[in-house]
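My structure is below; once you've seen it, I'll send some questions.
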């Protein structure tokens, strides 16, 4: 069974991620969407919330498994028996950072290759960060994120504003 | 009347920004320098201070208007009736980020095109951040910032050092 | 009257060029599409053919003028009284070359600024070269070039194949 | 059966290409090394020579097939039933060109995804062109090309020098 | 005496830094490794710890001097009589930032040129940040950092975990 | 004696090259300007003409030697006892190609390091090619090339035009 790991923060998952995931699922027998619990920076959603949004957004997709991991991504790959790691490429700046990660991971675990997939044109410059900025400033972008993510982001905003008012 | 929006943080405005502004003012009937009040990170100057420095630095320029905005830049463009948005390009890394913003803004407001202008050679690698670092470390760079900005930066530094001493 | 120059080889004109042209025509009172007769390399179409395809492809557009030029692009700008030069930006590699040209042109003619426009997503990675390769290898890409250009390219191919058979 | 296409000029095949090929062969059930006969530029080796060198260099590799193709790479993918196309990524400049190709190919044949693999560190900046330059100038680089390729390149050089002497 | 300055944060020093240092020491009569005490962000090690690790890692190297500096790097260069500044180049993104710094430094101190050196292949994508992430997540990478740095990093981790437990 | 090699085509030498040369001559005891006789493409000037222009342009510079070479640049470095190779960096696209060359040269001759120098701002986007285009189209750029080069380029143009008329 050929298995691939698709690791990330997914804070939150976007249609760009889902596009990569579908492409990977055509190539591999199983794709494991691995949500990092330790991210080194503050996340908008907790790891449980991120996992739940990934689950809702991938409903109906057959050969996908979702889990969270802490520690090195290569250890997660080793444990799950993944032979490759999936990464989405959006832009040049991504490319260099990804190349750097790929080399380090190859060094730490020689049996793991990184394969890069390119999202569709419309998702080329999409990132979780830009999505959150737009929603935070009350912009509307329904076709770039799953509906469940849109609702979750709006709820977060509301909560945030209420917290501010109480102070 | 052909109107353009030149949005930014301007924390503080530099001669590179002024160079772009002058170029834009030759092409459009009016250029609106729009200072973002919500920036997502700590600014050195408050939005009022940044507005005031912009006003002083652009004194005598005819077809310029200065205002501040919160919310999405496309909403500011819509309200002011701007048909294009001005962005200065300094370097490759800028280019990708700017392209990403341009695409998102186009998506949010189809009538708004982004036009990129390139500053003169001597401002190519200039940024507000590098200016602040140099002034903070007591370096002197009079020909890269307006005089009013230089004084304001030195005053900030002094204030900062006094605050430290009081502690 | 605010006039801009949009120079290029246009060998042949694509929908990406037309997209840039339309954007420029919203900003300026007149946009001059200037076809270079001296290009420094072999062109698929003669300058007359390239001009004719530009004319057909821009039919019905109001504030557009089409002409050919030899010599420096800045001399063409000076003669036509253009205050800015339009360039389309597609990718990073473009960006550097364009920056280099913009600086040289600014040096040769200080009154001419270069403004960069970004084509729509679907034209981001489009070039005349890739179009010609695909048509040459009998691929079909109707929505990336005007119909007149598609016909002209197919005719060129046919002619080319007949020439080969006669030998 | 999951099949991938690895198209290229392979003029000649290098250890960098072989590294990518091996990585692809771990992921897919079959990898088709597809040598382009029409390349749009002069090649050092004829398509037959390039095929033969590919055959010798891949001897003993199990799930590899070698063929040549003319026409569009997507037509070759369609005919062979490949669900993905393999591309090796070496550097940024590669990346943009490859992205452009990937988008055009996706447009021409929606069922074909491009997947990018990164060669080992030592092959990161390797290209057929730089190899040929070094051999042409009598340099020695045995561990970057298969032995059969080294011999073929030296023979070409010898032949070339004899031709020059006869004139 | 031809003297060069090699400034940085060195938080901590890696084998990539040492590789650059050795290359510089072949060219110059003396190379000053200058550790920045003011870095503008939190460091993992104090400036004294960073200096000590640099000293241990460079033991036995002849024409090296180690010092710390606060203030502008050009002032440090002026005081030490350095005629050039050494910078290691790893990747494109580095390149632009470094170019920007080089230009600003040249402006602040005209007698100081920046020279760029490229580390060996195996250190091309190495950074202090990625090293710290791997060690933090309990990965093992002995051949990318000096032994003294490895021990220091593990000790920091242990301390950090103990602090967490006490809370 | 610390000696560096500065190899190139120098077709023709520009003020950008001279700027790099002067910077290198401050660092090394001797800098060898090495003009490649085999360049793999047509040159505007013969190797003798290029050598002569280099000689005229560097008159009065003390620790410079000028020679031509065929074969590998590393062989030239070995013969002349150079311990480093100088390369000028102008732009990102340069950077990658240069990195590739540096790695190959290091592989071919382990004792040779490549050091990169950045030209002054005004030469950042200057190349021999763009200079020749401008002069060919009758543009004037006296401060970017030495006077002797300007005269030589104009003479070449005249000659070229006379040749055309005779046909």
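In this document, chain identifiers A, B, C, D, E and F correspond to the written order of the chains, with residue numbering beginning at 1 in each.
Throughout what follows, a residue touches a chain if its C-beta (ideal position, glycine included) is under 8 Å from a C-beta of that chain, and two chains touch if they have at least 3 such contacts.
Because the structure is predicted, anything quoted here is derived from the model rather than measured.
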Set of chains whose contacts include both chain B and chain A: C, E
Number of steps on the shortest touching-chain route linking chain C and chain E: 2
Recurring contact interface, reference A-B, options B-F, E-F or A-E [over half identical by residue number]: A-E
Chain A on chain E, rotation in degrees - Cα superposition, rounded to nearest 5: 120
Interface with more contacting C-beta pairs, comparing A-D to C-D: A-D
Copies chain F and chain E - interface residue numbers shared by over half, same or different: same
Centre-of-Cα separation between chain C and chain A, whole angstrom: 40
Distance from the mean Cα position of chain C to that of chain B, given in whole angstrom: 33
For chain A, residues contacting two or more additional chains: 92-93, 96, 99, 103, 121, 124
Which pairs of chains touch, using the document's own definition: A-B, A-C, A-D, A-E, B-C, B-E, B-F, C-D, C-F, D-E, D-F, E-F
Chain A - residues contacting chain E, complex: 38, 40, 70-72, 74, 92-93, 96-97, 99-101, 103-104, 107-108
Chain F residues touching chain B - in the complex, by the definition given at the top: 92, 121-122, 124
Residues of chain E touching chain F in the complex: 2, 23, 26-28, 83-84, 89, 92, 95-96, 99, 102-103, 106, 113-118, 120-121
Residue numbers on chain C that touch chain D, as the complex places them: 91-93, 124-125, 127, 130, 133-134, 137-141, 144
